[in-house]
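Got a structure here, written out as structure tokens. Questions coming.
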Amino acid sequence: MSAVDLSVSVGPLKLRNPILLASGTVGYGNEISEFIDLNKIGGIVTKSLSLKPRKGNTPQRVIETPSGMLNAIGLANIGVEEFLKTKIPFLKKFDTKIICNIAASSVEEYVECTKLLTDEDTISAFEINVSCPNVKEGGLEFGNDKKAVAKITEEVKKVSTKPVFIKLSPNVSRISEFALAAKEAGADAVSAINTLVGTAFDIMTRKPKIKNITGGLSGPAIKPVALAKVLEIRRNVDIPIIGIGGIFSWQDAVEFMIAGASAFQLGTVNFVHPNISETMINDLILYCEKMKIASLKNLTGSFIL
Amino acid sequence: MSAVDLSVSVGPLKLRNPILLASGTVGYGNEISEFIDLNKIGGIVTKSLSLKPRKGNTPQRVIETPSGMLNAIGLANIGVEEFLKTKIPFLKKFDTKIICNIAASSVEEYVECTKLLTDEDTISAFEINVSCPNVKEGGLEFGNDKKAVAKITEEVKKVSTKPVFIKLSPNVSRISEFALAAKEAGADAVSAINTLVGTAFDIMTRKPKIKNITGGLSGPAIKPVALAKVLEIRRNVDIPIIGIGGIFSWQDAVEFMIAGASAFQLGTVNFVHPNISETMINDLILYCEKMKIASLKNLTGSFIL
Amino acid sequence: MFLANAKVDSVTQIGTNVFLLKLQSDKIAANAKPGQFVNIKVSNSNFPLLRRPFSICNVEGDYFTIMFTSVGEGTLVLQKKQKGEFVDVMGSAGNGFSLDGNYEKAIIVAGGIGAAPFPFLIKELEKIGKEIICFSGGRTKNDCITYEMKNVSTATDDGSFGFKGTVVELLSSEIARYKNERIKIFGCGPNAMLKSLQQFCFTRNIEAEISTESSMACGFGICQGCPVQSATDKNKFLLVCKDGPVFNVKDIELP
Amino acid sequence: MFLANAKVDSVTQIGTNVFLLKLQSDKIAANAKPGQFVNIKVSNSNFPLLRRPFSICNVEGDYFTIMFTSVGEGTLVLQKKQKGEFVDVMGSAGNGFSLDGNYEKAIIVAGGIGAAPFPFLIKELEKIGKEIICFSGGRTKNDCITYEMKNVSTATDDGSFGFKGTVVELLSSEIARYKNERIKIFGCGPNAMLKSLQQFCFTRNIEAEISTESSMACGFGICQGCPVQSATDKNKFLLVCKDGPVFNVKDIELP
């Protein structure tokens, strides 16, 4: 047992370590559990759930771009009811934090989903996705509208018995204003960032490579942008931050914590290295030992400008 | 001589071909002329000029990121006066379009610069940089403020005898609203995009790798974002677009034209392949021949959704 | 499903643009089934970023082979692998062909690099005493692959090798021969070909399984990037990587 | 300045983490001057994206050599180059050392991989009849490079090879010997070392040129990414890639 303390808190939520798996890149946990021991990581964030099942967008849904990928899954998911029925029993078996990500097309739907889920013990917190760029109704509109973000936060907080994290869109001028809106409306933390809007064309057919026309850009390509957003929030708003965007190595993760993140999420990297969340644990310990950091949480926001 | 017509127009500005070299990635043309024949490309955009010389930011100014780079040069430039005196005589020798990029910290300074430059025959157009993310005064503020963009456009148009292009920031929620503001204020075209705000940290020192803390992200990493911005403008505002962002190959350039660009600028790629602007000409001809495109300008906005 | 550090044994060119990559990994070799695929991280860098899926072409002892054509960055990297290098392989993924069914003759239908999964399948089919008939097609002779096929007839669009026409046209012209026999078709190739094969099977009510392709991000069911329309439930997509890549022709609607 | 497709002749390991890459390009070899550098696109892909700058270590006929330590992705790629491969090289860039000056003894001061430009410089200095004295330093014996140096004394931080201390401390302890001679110092190494060398030269009023490093994006003056403070004009930056990498110690303020 190492002397280094990897545990962190995201607002009221205590985590074994800051390693979380990002929404939409881990499904509901079952497939990835073939590669890692879920009991060892901080937790997982479910694929965005909506009130009713969603079929999602017509393919083609994914395409690789330089050091990144575009996706337009369209929030394909099994719906809250099915999730409670078929996924919770599996997730119950693990001693890891389950953060339930919710996406909806109206304030009412967010509230309804939260109500249905909040009594389920297996769920430790909610992450409210106000920022999915790939859905026509809602999606971008909410993420780009401070009042809507505040309203959703407020209403969800009213009915939730669990910590509420707001997942912010990077496709805005000043993300810290959205973080502030979320904070003032009662959010326990913000998750930053969701994907950047991007597109790609096939020069032979002149059609978009993604059927949805645009998709969300993720992966190492966006890491510098994500880091700058985390830093912007950290320097302007006093709210815990979960850092996300292009983390492919423990070094990337450390950068996010230095920039201000209390915990971080691994997204696209799970597709490429599904076991990295577990192997990262030891690397973080070694780093702390080398840097004489007794508690990893001290790294959060420890940048020197 | 090929039968393919590569000539394009950007509003009133006629170009031999759509290949332009982007501001800040070609200096004032002299160094790159060791690698290419400037007479063969559409034109070059000068490093942003300000009224007085600017020393620029303290190093470190550049760092590589996955498929991209961050820069915070801080608009280091020789100033309008010195430009007219020492650079114009060199540029005069070429039969290529010289687009003068102007950056300033106030509306008055933009106007002043334009006045000083507009009578110089060698200059074919102005590109107004309202979007440099690396300068403290002005910079981002203008780029994020529709009214400021409109005001600058309007005032510069008043004193300019040349076409005026407004170079837009991608660090906004809806770039098309800025394009519309520019159009309504009289802009002849918009250039999209400038760099995305990004950062990187050294995990040993915990200091930002770029002395300015944040820098501008450019290169292939941002291509999907840039393409989506061009497409957004094209679908919402009727104004000519100069596409910029991560173009590293003729295929990338074609994507930008398909998405709506009338011409395009090569930026970061000049650092890596300083001769690509010239070698690209033949590739574009071959593509047009293969696709039976008689005139390259027909490609602009030819996407099929 | 495993992550294995597979050792490169050889890269062999077997056609104009067709390569075999032989890799050593006891774990993957021991668990592979015909029609399954491996998902390969071709480089140690972010370039290319995502894994690349390839059918398992054959298995021998601790070794397995993939067959590929060089079409882009990833396959170019693979083509240049040197003996002794290690490659990060995830596998074996997907469901594979089912050898079950009421048939004595297995009819293999391959389009282009769609020939890849069949050496392994043929070997396994022969083990259980099935008779093998192969049809392989391609645009030109160079695209028509017959590697380790048995009783093979070929079709090319330009007639440069065998029948002039598509492989499904060839199959149509030959099918009468097997009128009174119990057959099952195993198909793999580009979607256009699979669609016409599907139509062919529907018309004649022939049992068939097809191995499909899709762009993929993860290859093991977590990204939802590889949907294919379910034929039985309008509201449902199946995942090529997890529910496939092999499907009964009746189960999916090809795009 | 040229873009050349240089052919790899050999990669040789000459120290724990020190490599020589010998490349063939008549154009670059013919135009190179000691202290200049080449800017290498190490891969054909976007990974790494930017060119990597390396001092020209030596020139022989149509060939030139670079000496490098493997520190990251780019140098790792270089280390794996195979004979016969082609590498995209821009060069020769920068200004190089000036051999002029009123001196008979050339004192070479190298820190770590800062030894790289000196084999070429020494050769050229000998051609014009200068006497060569070399000092080379490193943290440990493994970091202290004496490749093709003449009359070399070494210094290591841990005393594992020669003098215990920095190379500039070693130089200080030896300088008295050359009191009555006309000397010129040529230095190259990490900035911290160059700073103390600069201080050393100022104190004793010794003529010196130093080759500096900076992160770079373009390497030929178009990006303004590599500024170094001018010592003579507070409002001015010089560019390491174009005005340097070699500067008179009096001309710059090291960061």
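By written order: A, B, C and D. Residues from 1 in each chain.
What we mean here is this: contacts are C-beta pairs under 8 Å (C-beta built on N, C-alpha and C of every residue); 3 or more make two chains touch, one makes a residue touch a chain.
Just so it is clear, the model here is predicted, and its values are computed rather than measured.
> Any chance you could name the chains that touch subunit A and subunit D both?
Shared contacts of subunit A and subunit D: B, C.
> Any idea whether A-C or C-D has more C-beta pairs in contact?
A-C
> Taking each chain's centre as the mean of its Cα atoms, which chain lies farthest from subunit B?
C
> So, what's the distance in Å between the C-alpha centres of subunit D and subunit B?
36
> For subunit A and subunit B, what's the span in angstrom between their mean Cα positions?
For subunit A versus subunit B, the centre distance works out to 34 Å.
> So how far apart, in whole Å, are subunit C and subunit D when each is placed at the average of its C-alpha atoms?
Using C-alpha averages as centres, the distance is 54 Å.
> Return the residues of subunit C touching two or more other chains; collapse runs of consecutive numbers into ranges.
Correct list: 46-47.
> Quick check: what residues of subunit A touch more than one other chain, meaning two or more?
Residue numbers touching two or more other chains: 66-68, 219-220.
> If we count contacts the way the header does, which residues on subunit D are in touch with subunit C in the complex?
It is residues 45-47, 73 of subunit D that touch subunit C.
> Help me check something: in the complex, which residues belonging to subunit B touch subunit A?
Touching subunit A: residues 65-68, 70, 144, 171-174, 196-201, 203-208, 213-215, 217, 219-225, 227-228, 231, 246, 251, 254-255, 258-259, 287, 291, 302-305 of subunit B.
> Quick check: in the complex, which residue numbers of subunit C touch subunit A?
The touching residues are 1, 3, 41, 46-51, 90, 214-228, 235-237, 242, 255.
> Touching residues of subunit A toward subunit C in the complex: what are they?
It comes out as residues 24-27, 31-32, 34-35, 47, 53, 55-56, 59-64, 66-69, 71, 73, 76, 219-220, 248, 268, 270-275.
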